[in-house]
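Next come two complexes built around subunit A: one with subunit B, the other with subunit C.
Presenting the complex of A and B:
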C-alpha cells in the first residue's frame, strides 16, 4: 500500500503541474506550475531513499552501525533543486522581458509572428 | 599524462575558458575574447582527438573522479566511460563548436562576451554528456546543456520573438528532463546503482512493469530533445530565432545527442532486461521515427522562412536517425553514427549559408529574397551542394551513413524502410532546392496566398558588415569539404562498424568498469561495399530535383495537378497544429508521452 502511494503521490503532483501549464493564462503562473511539476521529482527522490526508523546519514556523532537513510538520494535532490532554481530564474527573466516588450504575459495573446 | 586524464580534460578545458571569458570579458577588447574562445575550441578539439586515439588503441578509456574506483563490485564514484562512439561524437561536437566560434568572428558586432561564455559552457556540457558512464551524471549534463541553450536562444533580448521561442524551448525541454529524472530515480529505487553498467548487471534479465515504465520515461524524455513528432515544436521555434552559430550546434549535434542518449541508455542499461520485448519496443520507436521523418519532410516543403525550413529538415532527419537506432543492429548503430556526423556537417554548412543571407539581405523570407542571390554564385553553389548532400548524393558522408542504415534495415527484414527514408531525404533536399530556385533565379510562382498571420518582413541584421565576409563563406565551405572528404576515407564503414561492435559489447565494458579487465583493441569489422547503394543514392537526388522542379514549375500545369488540392486539409491541419502557443505544446507533449507510454506498456504486456 505504502509502496504504491510512493508512486501515486508524485504522479499526482506531476499531473497537477502539467494541467496548470496546459491551461495557464499567465507566464509567471506557467513557471510556477513547472516548479510544481518538478517538485514531484523531489518527493519521489526522497521517498526512494527513505528507511523506516532511520536517522540522517551524518556519522560524526553516532555509531556507523546506526540505521541511516540513503545519502545518495539527498545529493540527487540537492542537485535537482539547483537545476530547478536555475531554470525558474531564467524563465522568470524571460517572462519579465516579454512583459516589457509585448505588454502582456498571456500565452494566448503572445502568438509569435511567423511565415 | 595517461589517456584516462584526457577524458575530464576534454570537458574541463572549454569550461575553464568560459570562466576566464566571463571574468575578464568586460575589460578585454572583443577580438581578444574571440581569440581566447577560438584557442579554447582548438585545444578542446585537440584533446578530444587525443582521447579518441587512446580509445581506438585501448578499446575503452575510463576515468573515476576523485579516484573513487569500484570496491567489491559496487561503484559509488562517478566515471567517464569513453567508448569509441561516445568519443567520436564528443570529438565531432568539439570540431563543430570550433567551426561555430570561427563563424561568429565577423558575426556579432553588438554581442557581448556572454555569447562566447555560454557557447563554451554548452560545448563542455555536450562533451561531458557523450563521455559520462553514470546515469545521473548524464541528467546533470543534459540540464547544463539545456540551460545554456535556453539562454543562448534568447540572446538577442531586444527581439521579443527570440525570448518567446526560448520560453517554449525551455518549458518543453524542462518537462522532458523531469521525465528522464523520474525514470532514473525509478531505476535507482530498483537497483541502488547509478553507474549504467552496474544497473544493467543488477537488473539482469528481470523486466517487470517498473523497469518498462522507467525505460519509457527516460526514452521519451530524451526524445523530446531529439524533437520527435509531436514534441518537435520547440525546435522550430528555437531555430527560427536563435543566432546562426547556435543553430549550427543545435541542428548539428544537440538534437542528435537526444538520439545518442536513448541508444546509450537502452544498450548499456536496458538491453539485457528488455531483450524479450525488443521487437515490441522496435515497433513503437519505428512508428515514432517514421511519423517524424514524414511530418518533418512535409512541413519542410511548406516553409517560406529559411531557418524554419532547415529546422523542419532537422526534425525529419532526426526521425530517420531514430529509425536507424530502432533497428537494434550493430550495422544500424554504425550507420547512425556516420549519418550524425555527415548530417551535422551539411546542416551546419546550410545554417551558415542562411546566416550569410540574413547578414547581407536582412531577411530570411524566401519570397523577399526572390532573385537576390543572382550575383553570389559561391553562396548559391554551397546551398545547392548542401541540398544534394541532404538527399544523400554519393559523394557526401550522408550517403555512407544512409547506405549502412539501408543495409541494416534489409537485414532486419524491413525492406520498406529505405524507401521511407529516401522519400524524407528527397523532400528535405527538394525544399532547399525550391527555395534556392526562387532566391537565385526568381523561379517559381509568386506566393499570393500569404497567411494572415504575416511574418516580420525584415529582421535585425546580426552584423553591420556590408559585404559578404570571407570567414563566413569559408567556414561553410570547410564543413562541406569535410563532408566530402569523409566519404573517401579508407575506414569509412569499417571504423563505425567496429566502434558499434564495442558499443554493444556490454560484458566487456562491465568487466572493464568493475574489475579493470582490459577490453583489448577494437574488434575487427569487415568494411561494407558501397557500390550497390549507389542507385538508391542517385535516385534520391534525382527525386529531390524532380520534386523541386514540380514545386517551382508545376503551377503552370495546374489542371493536371489538381490532385494537390486533395491534400489541402492536411496542410491546413498541420499548419494549425504549429500554433506557436507554449501551452498548446505542453498539451502535445502530454499527449505524445501518453501515447508513447501506453503503446510501450500495451505492447510489452502482450495486449496487442
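Presenting the complex of A and C:
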C-alpha cells in the first residue's frame, strides 16, 4: 500500500505539471509548470533507490556495513537538479526574448514560426 | 466535441497507459536491488577514505559524468548570455507591464538591512556546505548555489549598480572558465600520471579528516567556483534586463 502511494506521488506531481503546461496562458507560468513536472523525477529517483529501514549513505557515525540507500540514484538526482535549473533559466531567457520580439507572453497568441 | 478535445483525450489515455506501464516495471518500493550502489557503499569508506558515498560517486567513481554535467551548466550560461545580449540597442514594443507603474529603484531601510545582513549568513552557510563534500551531505553544487544567493541579495538590497561593482561580468566569466577548465585539466593530469581519466592520484589521508579523499575536495572546489560564477553571471544577465527599461525611460 505504502509502495503504491510512493509511486502515485511522483506520477501526480508530473501530471499536474503537465496539465499546467498544457493550459498555460503565460510563458513564465509555463516554465514554472515545467519545473513542477520535472521535480517529479527527483521524487521518483530517490524513491527508487530507497531501501526499507536504511539510512543515508553517509557513514560518518555508522559503519559502512549498515544498510543504506543507494548512493548512485542520489548522485543522479543532483545531476537532475542542475539540469533542471539550467533548463528553467534558459527557457526564462527565451521567454524574455519572445516578449521583446512579439510583445506577448501568451503562448496562444504566438503565431508559430513567423521567421 | 472538437478536434482539439479528441486529440487531448487520446493523448491523456496514451499518457496514462505509458505511466502505468512504466511504474509497473519499477523495482518494488523499498527493495532496490542496485548491486552497483551497494558495492560503493561497502568499499568507498576504505577505498577513498571518505564517509560520504554520494560524493564518491559524483567526484570520483563517476567523475567523468560530473564533468559533463558541469559543462551543461557552462553551456547553458553561455547560451543565456547570448540570448539576452545586445538588447540595449533594440527598441521593445512596449515596456514590461510590471515595471511600468513602479517607482524607480526605491527601497526601504528594512529591505536594505535584511538583504545586507542576509549576505553574511548566506556566505557563511554556503562556504560551510561547499567545502565539506567528502564529510557531510554537502558539496560544491549545493554550497555554491546557496553562495550565489548573495548576488540576488545584493541586487535586492543595494541595486544593480552596486551589484555590478561587487561582481563584475568579466571577473565572473574568467572564474567560470577557470572552474570548468580546471576540472578537465585535473582529468587530463590524472590521465597522464596514472593512465586513466580522473583516477584519484592524490594521497587519501584519514577517513573523516578535512584533508582527505584525494582529488575529491580539489575537484569539488573548482566545481563550486564554476557554479558560483555561473549563477552570479545569470543573475547579472537577468538583472541587466531591468536596467534596460530604466535607461530607455530616462532617454524618453
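A few remarks follow.
Everything that follows uses one rule, which is that the second predicted complex is superposed on the first by the 110 of 115 C-alpha atoms of A that agree within 3 Å, B and C clash if a C-alpha of one lies under 4 Å from a C-alpha of the other, contacts with A are read in each partner's own complex, and residues count from 1 in each chain.
In this text, a contact is a pair of C-beta atoms (placed from the backbone, for glycine too) under 8 Å apart; a residue touches a chain by one contact, two chains touch by 3 or more.
What you see is a predicted model; the values in this text were computed from it and never measured.
In the superposition on chain A, contact of A:71 is made with subunit C only, not with subunit B.
Look at A:95: by the touch rule set out above, it reaches subunit B but stays clear of subunit C. By the touch criterion stated above, A:41 is placed in contact with subunit B alone, subunit C being left untouched. Contact with neither subunit B nor subunit C is seen for A:9 once the two complexes are overlaid on the shared chain. After overlaying the two complexes on the shared chain, residue contacts for A:28 are found with neither subunit B nor subunit C. Once chain A of one complex is fitted onto chain A of the other, the partner contacts of A:51 are limited to subunit C, with no touch recorded for subunit B.
Within the superposed three-chain model, A:59 lies in touch with subunit C and out of touch with subunit B [touch as defined at top].
Contact with both subunit B and subunit C is seen for A:83 once the two complexes are overlaid on the shared chain. Comparing which residues of subunit A touch subunit B with which touch subunit C, the overlap comprises 14, 18, 22, 48, 72-73, 79, 83, 86-87, 90, 94, 97, 102.
Interface residues of subunit A facing subunit B in the complex, by the touch rule stated above, are 10, 14, 18, 21-24, 27, 30, 34, 37-38, 40-41, 44-45, 48, 72-73, 76, 79-80, 83, 86-87, 90-91, 94-95, 97-98, 101-102, 107-108, 110-115. Contact residues of subunit B toward subunit A in the complex are 136, 140, 143, 147, 150-151, 154, 157-158, 160-161, 163-167, 170-171, 174-175, 177-178, 181-182, 185-186, 188-189, 194, 237, 240, 303-305, 308, 365, 451, 453-456, 579-583, 586-587, 590.
Contact residues of subunit A toward subunit C in the complex are 2-4, 6-7, 11, 14-15, 18, 22, 47-52, 56-60, 64-65, 68-75, 78-79, 81-83, 85-87, 89-90, 92-94, 96-97, 99-100, 102-103. The touching residues of subunit C, when paired with subunit A in their complex, are 8, 15, 19, 23, 26-32, 34, 36-38, 40-42, 44-46, 51-54, 56-58, 62, 65-66, 69, 72-73, 76-77, 79-80, 83-84, 87, 90, 92-94, 96, 135-137, 139, 141, 145, 208, 234, 237-238, 241.
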